[in-house]
Amino acid sequence: MWVKVKAVIWLHTLRLWRYGMSFINMILSQVLWILLFIMGVLLFVPPEHLTVALRMAYWTIAAWSVISSFSSLVGGWTSFFILMGMVEEHLLRNTSPFTTIIGRVLTGTTVSFAIMIAMGYAFSWIFGRVLMTVERPPLILMAFALLIVESLSYALSISATSMRTSISEQFLEILNFGIIGLLIIPVSVLPEYARLIYLAIPYVAPTYMIKVSVGGESPILMREAALISVIESILMAFIALRLIRSVEEHIRRKGVRAVGFW
Amino acid sequence: MGLWTLLKSGLVLDIYFFKNNRAQLVSMFAWPYILLALMLGMGFLFGSAETFKSNVGVEADPVVFFVASTLIAMASLSVMWEVGGTVLYHRWIGTLPYVLIAPYRTSITLVMSYIPRYLLWSFMQLSEFVPVLIWREGLVGGLADTLVMGLAIVIGMLPLLGFAAIFGSFLLTIKEETNVLSWLNPIILILSGAFYPAYLFPIWARFLSMLLPTTYTFELARLSSLVGAPKLAEMTFLIAVLLGMSFLYNALSFTLMGKAEKRALKSGAV
Amino acid sequence: MKEEVVAAENLRKSYETYLRRGLFNRERKVVEALKGVSFRIYRGEVFGLLGPNGAGKTTTVKILSTLLLPDSGVATVLGYDVVKEAVEVRRRIGVSLTVEKGFFWKLTGRENLMYFGMLYGMDGAELKQRVQKMLELVGLEELGSSDKLYEEYSLGMKARLSIARALLTDPELLILDEPTLGLDPPSARLLRELLIKVAHQEGKTVLITTHNMFEAEIMCDRLAIINEGTIVAMDTVEGLKKLVSDEITLEMLVVLPARVSLKQLREEISEVVSSRVEVDPMEEGTRIRVVMRPLEKEQATQEMLRRLHSMGCSVRRIEVKEPTLEDVFIELTGGN
């Protein structure tokens, strides 16, 4: 078992290295797109609020970059994995194909944190504001960890479902992008009764924790957010695992060629 | 005769593509609205229309401003991808050699088979915004805005075709497969003031933006967002600049593409 | 007593598909890929599965390699049930499903083998040595390609790597789906010799599918011809040929000395073989055509030559016309 884990880690590290140029390309372009977008938003912001707005935007987008990187680098990679005939090759070696797909966490984490850092430097340089300061480092680490679990579970669920049905990646992309709009809303602008409902939406609670830990929001709902995000992560991971099981069954019954996604 | 066939073939290809790819069709329509909604939503969350006007320095309606910006950004990206990026695309799927040995000049093939599609899609996206424009400016004002934006879509395309083809010829000569356009495109958009007017830039950036045809297209389309100012003089000026640039960039692309083709065939970069 | 390595009993498999015509018109259709397939493969044997496109070869191969569950029927590999004891089966077989898929592009051939080796639990120096040995065995080392990225491989190199991976764990049974597809003659020959050696000298068992008649004929100890999901014939190459035609035609062109007449010649030869003999004068000499049964072939031919010699005839040309495996294939699969 240990050797398999080692194999997967080795594989993804090696591939990260070999595809280095494309990853750098991807990071660069993501940062530039975000910059383009943020500049438009900043036209509305009065100079005295600029720092606050930038910080909020920066950390929300940082959280989003984890979500979107995982969905493209883990979820999106699955179709490539299937096309390459890798599902069979792994099953033949008594290895679940999802072991290798989950291994993409390595790639996803590396890329999303690289985006975060590059974006932080770019924004700080262009707008002359300090953005990457954290008030509660342990909290933010935990929040990111939970966010990663949720994003990974979602990505795996998507890739598992895409092995059975045909969901188009375009929809996922739009959905992904739209999530920024959801995440950016400060809890404080919502009416009391809506706050918990808002936090219960996947990704929202960990993002709220991130915003709290950088001092972007008041910590009034910290305890609830922590609880919700832990439960949610476990739940999402559980669903992902169930889906994976059922897909593995399905594949053996119907053949991988029947795995239709176009 | 030949050109007509090319125009038609481009359209047919596209219709087939979307017939088998309805998701793409939906996303095509959804994107502009999502982008617009996000930008305005975040803008109003952190600031106000008043600040917007004082930052931009003119009496402009932010909604119409960003409708125009989004529309032109989408249209310009489409040109950059489809004309500049086809080289990459054909290289990835392995059809580049066939394009190069087709009986027309590559640049003409690329451009002609693309124009109908561009117009089709850009005008469809424009029409999906008409209700918003009418809501902001009333029936007459909204339709006038639509007209201005439509004009920008058509005239802005002319220089950009040549500009994008120059990129295409550049991509043709390098043997690289990675997607340079994925970061060149946002740079071009940023520099041409897609969502943040170029006249607010520091001087060196403003100089670069003056060379880009898209800068003027954005300006032209955004004239529609001005509240009640006389626009005719500015409009004529911008149109003149765009037409001048069309001539310049297309002539340049024509020679460059021919050279690039020869070099590509020689060096085996196909 | 021959040891059974593979035993397939009445395997059936249907696929459900949709025919797509136009946008909304979807028509459900059930394809019966296997309609009750049974066969056995014994240790040390190269067994070939021969059949036209869509006959069900790959389906059979996938069921045996545990990648696909049969709708009904039982198959065991090395005594393990492919459905219930898939894990055990997988440990003991080496499989190559396609020659040009299933590897990571940005890894070298060696790195790919290392990765898949680790999935078997191999590691360290043992794995390195084994990988090196396999690379040498399939000739990638000789081509200097072991450390090239997979994306730079030619088709033949990919096929070699695929075989190397199948052999990596030194499995008792090799299952190869069209292993020589797209290979140039020297590569194909190398591969065939390798597989024959593995089977006949090391006592491994090999199951291959192929369209290539020549290959089937020289490699396979036994062959099953499968058509539309049914095995229509199973035997050795010789045995299969007999199915189609029980006759061999021998044609000779001889130059007779002046003293020998055509009649004499015919009588002389008719004594040797039981069936009909034709003798026709031609421009360049005399053509003799004899139809024989396979059993008499060798003796009769020798005797005939001896007699011709003693009559003073010189033989210009001899041609034996046997049914080819291709004749068998086309006859049995009803190809046109």
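Here are a few things to note about the model shown:
The letters A, B and C name the chains in turn, as written, and every chain counts its residues from 1.
Convention: contacts are C-beta pairs under 8 Å (C-beta built on N, C-alpha and C of every residue); 3 or more make two chains touch, one makes a residue touch a chain.
Remember, predicted model here, so these are calculated numbers, not experimental data.
Chain-to-chain contact here is organised linearly: an open path runs through the chains from one end to the other. Innermost chain of the displayed assembly, by C-alpha centre distance to the whole-protein C-alpha centre, is A. The geometric centre of subunit A is 50 Å away from that of subunit C, both derived from CA atoms. As a whole-number value, the distance joining the C-alpha centres of subunit A and subunit B reads 30 Å.
If you average the CA atoms of subunit B and of subunit C, the two centres end up 58 Å from each other. Contact residues of subunit A toward subunit B in the complex are 21-22, 25-26, 28-29, 32-33, 35-37, 39-46, 49, 52-53, 56-57, 168, 170-171, 173-174, 177-178, 180-181, 184-186, 189. Of all the residues in subunit C, the ones that touch subunit A in their complex are 15-17, 59, 62, 65-69, 87, 90-91, 93, 95, 97-98, 101-104, 106-107, 111, 115-116, 118-123, 149. Across the interface of their complex, subunit A is touched by residues 23-24, 26-27, 30-31, 34-35, 37-39, 41-49, 51-52, 55-56, 62, 66, 69, 178-180, 182-183, 185-187, 189-190, 194-196 of subunit B.
Residue ranges on subunit A touching subunit C, taken from their complex, read 3-4, 6-7, 10-11, 14-15, 18-19, 84-86, 88-95, 252-256, 258.
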